[in-house]
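Letters A, B and C mark the chains in the order given here, with residues in each chain numbered from 1 onward.
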Amino acid sequence: MKFKKMLALGLAGTMTAALLAGCSSSGNSTAASTDAAGDSAATSEAAPTAAGKVYYLNFKPEQDQQWQDLAAVYTEQTGVPVTVVTAASGEYETTLMSEMAKSDAPTLFQVNGPIGLANWKDYCYDLTGTPILGELTSDTYALKDGDATLGVGYVIESYGLITNKTLLEKAGYTIDDIKSFADLKKVAEDITARKDELGFAAFTSAGMDSSSDWRYKTHLANLPIYFEYKDEGINSTDAIKGTYLDNYKNIFDLYINNSTCAPTELAGKTADDSRNEFLANEAVFYQNGSWEYVNLTQDGTFTDDDLAMIPIYIGVGDEANQGLCTGTENYWCVNKEAPEEDIQATLDFIYWCVTSEEGTKAMADDMGFVIPFKGAQESTNLFVKEDQEMTAAGKVPVSWNFTTMPSENWKNNLGSALTAYAAGTGTWDDVVTAFVDGWATEAALNAG
Amino acid sequence: MEKAIKKYWPVFVLPTLLAFIIGFIWPFLWGIGLSFCQFTTVKNVTFVGIQNYIKIWADTTFLHAFWFTAAFTIVATVLINVLGFLLALLLTRHVKGTNVFRTVYFMPNLIGGVVLGYIWNTLLNGVLTLLEKPLLQLNATYGFWGLIILMCWQQIGYMMIIYIAGLQNVPPDLIEAARIDGATARQVLFRVKIPMVMPSITICTFLTLTNSFKLFDQNLSLTGGEPAKATQMLAYNIYDTFYARSGAQWKGIGQAKAVVFFLAVVVIALVQLRLTRSKEVQQ
Amino acid sequence: MQNSKTTRRVNTVISVVLSLLCLAYIYPIVLILLNSFKQERSITTTRVFELPTAESFVGLHNYIYGITSMDFLKSFWYSLFISVSSVVLILLCCSMCAWYITRVHGKLSTGMYYLCVFSMVVPFQMVMFTLAKTADTLKLNNPYNICIIYLGFGAGLAVFMFTGFMKSMPVEIEEAAMIDGCNPLQIFFRVVCPILKPTMISTAILETMWVWNDYLLPTLVLDIKSYRTIPMAIQYFRGSYGKVEMGPMMACIMLTVLPVVILYLICQKYIIEGVVAGAVKG
């Protein structure tokens, strides 16, 4: 008897859930778009059409909804089914690997630069001669392997020091006072000296948790690499010299010694902690990128008047003309193994995204992207606008050379060394070893 | 009757057998085959002999994962069983509220590994921050003990239930007789109760042993193998090699690792079976 | 007299200790529950232990956001459907198979039995890639037929448990039924099934716990273009660039945990008995 009761209970639960699921899908566009894809798959089995379909494995979870919406618009206009799937954070490579093995593999995926391309180049369709390449504003955004163009950068991002102007003024400075590393150091140390009186610190915590440490092991480490490449006149290397590692140390020291918390506590801070400190007006500077704009402004905590992004000065090169760190680590690749008509459909889709009114508008306004294509629309993203203004004023953007870092392993080892250094359990020499020797080791592994 | 049933084999056995072939036998054999090959998808398979098996040992993360898993398995098995047994002893004393306690202690078992990992990640990181210590993801030692705490929290209740059943099956007369013979509480415990619940102990040890050795979900969501793969256990290491490492050689190596892992589990199971058998003969 | 008094005192102490332990057991879940009502900014590593305050309390906002942004109800439905269908299928097919194995002696029976025992030992990582590929080729990659994969991979334990029980079942009743003119199918459903009920329940519980909570198998096998189960959906609260939507994530964790806990409280007797029965036979 009791068993029957349980069964009845289960059934009742099932039915309620089914009803609820029905409600949710009718009122939700994500569900609608996936449903549409499902339906089309069903119909294509019954009657194969030559139209082809698009399956985009998206990298950025923040823009998932926007891509779903854009895909729905495209499907509505052209009848071509577009499925967008977003990989969970940190799972992109895993998901891509597992999806590529399936019969219905992604037709459009992305790699993060030359190192990422090396693994997937056997799957990349050669884009040479496709219309989308003609739309690029600069050839530097085409990812090449020999003569073949295998990837195309679709979003440009910038990072630097996000500054809370209101707090900076409270401390008696403006962003015009910071034009070099020496200025930055002076301001930061002055704020630290008056920390109790002012009620805020210079920098948000440089958290070394994996959610946050990429800001230092990857983005900050880009600067010494950039200046070294510039000196040597190269684009990548198998053996980094570490010419500017002292400057790297100086800026990192500045971050950790003028922060909201003691350097020893940094190991316990996450990306969320750092952002929340900035949102709570606990610090003036926050090293991060244009993608943070939405997070900082969405609930009205800050308006454009409160914020600015200034270059990360490390005391090298022509600081007066240094711009933000601008580049891309998001390249679209088209799957060569996909059926002919799907490849064509995919090429049409990305071309439409970067040229059509709806596409460019969605990418600029909804996703907050700046796209390196001629038809790009003005972005509402403050940091992006600042980057454009600086470039227009003759400042030279720092390119993203971290895409040439030899491996994830290299970054992780550097991150561990930085963490230990900040916590006082390791020395700067260990960081140098991880940087220079680790580079050579990992580059050798890649070659063999 | 046997003959009559035999005629019905397509009804009784065939569905299970077919599913078995699809879901287990074929993938298993294919998996063994692929461990001798280099491949990224099934389209580009090339035979490379035992190279993958040789390369496993050049990958330091695998050996590290092996020892990490071994250490974890031993500590977790001992802790879970000792604590589970202790709780079972206390709960068979007719203490007030026994039912409530039993219900609560068992509950964590029903929550999935991934979810549990996130719950404990939040809690433990909060505690570590209060103590001004590095987070779980940054220190392998904390990561290790975090996993142990999580496993204990999840598994103790389950083992406790089995031990309670075992203890309740000990005839009260036997204990009474021992008491009358002047046995102390300790002697009753070690000479009467523990030998009598030996079957439960065997089962629980086996369950905790295999559960800990094959642990994946909790590992993934609690530490994610951080820092720098130092808290990666075998199952996760294989998954990571297979899906997350980029480069054509890694899939074959991952599959080879899986075969080695499988053999290790078989060895544990066989040893366990042998021990169980010998105990059963004695009784 | 003296003796029972000390026993009583000791028992009181034990009661207190165990009650404290109970609190420690419930605390992690309560912590998540409390945080699920807080605004995201107040769920940092330093502030997780704070109770929601007027400033940080956001009511059901996290729940609503989590449910809508992640299509949580859909995931819930898929998880539920997969669990129910897989467990029903496993119970039906495996009990039939087990009956055949115990009643018919031959190569097929012995072969199946040892295969089942063997499959219990094999770790999932051994077959994850090939299984995913097989499921993809055969189109067993949606919530409505993934139960076949679960039957294949989960048959071992179920068959093992059923045979363990059936070995002790007297054959006489079945023989009597046969003389009365029943065919084997009728015997199985009218005679064997009712006797099997306790084992059915314990097997059902063990298998449900496995399927409902399973993460890796559906992640690799399911067609992720259209379907996500709950354990998969929860992963999606972590964004790129290190942002975790803690609030909605906690809310969804609560939504995942609560039904299970409620179901457990309602039929805990069966669950605990089932576990014991399962363990004794396993």
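To be clear about the criterion, contacts are C-beta pairs under 8 Å (C-beta built on N, C-alpha and C of every residue); 3 or more make two chains touch, one makes a residue touch a chain.
Since we're looking at a predicted model, the values are computed, not measured.
Chain contacts here are complete: no pair of chains fails to touch.
In terms of C-beta pairs in contact, A-C outnumbers the other of A-B and A-C.
In terms of their C-alpha centroids, the spacing between chain B and chain C amounts to 16 Å.
With centres taken as mean Cα positions, chain C sits 37 Å from chain A. Counting partner chains per residue, chain C shows two or more touched chains at residues 43, 45-46, 129, 133, 235, 246.
Listed for chain A are residues 90, 98, 101, 209-210, 268, 270, each touching two or more other chains.
The multi-chain contact residues of chain B, meaning those touching 2 or more other chains, are 42, 125, 128-129, 135, 242. Listed in rising order, the residues of chain C touching chain A in the complex are 40-41, 43-46, 67-69, 71, 73-74, 76-77, 80-81, 84, 129, 132-133, 136-137, 141, 197, 201, 219-220, 223-226, 232, 235-236, 238-244, 246, 259, 266-267, 270. In the complex of the two chains, the chain A residues touching chain B come out as 90, 93-94, 97-98, 100-101, 116, 118-120, 122, 208-210, 264-265, 267-268, 270, 337, 409, 412-413, 415-416, 419, 423. Residues 2-3, 6, 9-10, 13-14, 17-18, 20-21, 23-25, 28, 30-31, 34-35, 37-38, 55, 59-62, 65, 83, 85-86, 88-91, 95, 98-99, 101-104, 209-212, 214, 268-273, 275-276, 279-280, 288-289, 291-292, 295 of chain A are the ones that touch chain C when the two sit in their complex. Within the complex formed with chain C, the chain B residues making contact are 1-2, 4-9, 11-13, 15-17, 19-28, 30-31, 34, 42, 87, 90-91, 93-97, 100-115, 118-120, 122-123, 125-126, 128-130, 135, 153, 158, 161-162, 165, 199-200, 203-204, 207, 214, 216-217, 220, 235, 238-239, 242, 251, 254-255, 258-259, 261-262, 265-266, 269. Across the complex, chain B meets chain A through its residues 40-44, 125, 128-129, 132-135, 137-139, 224, 226-229, 242-244, 246-248.
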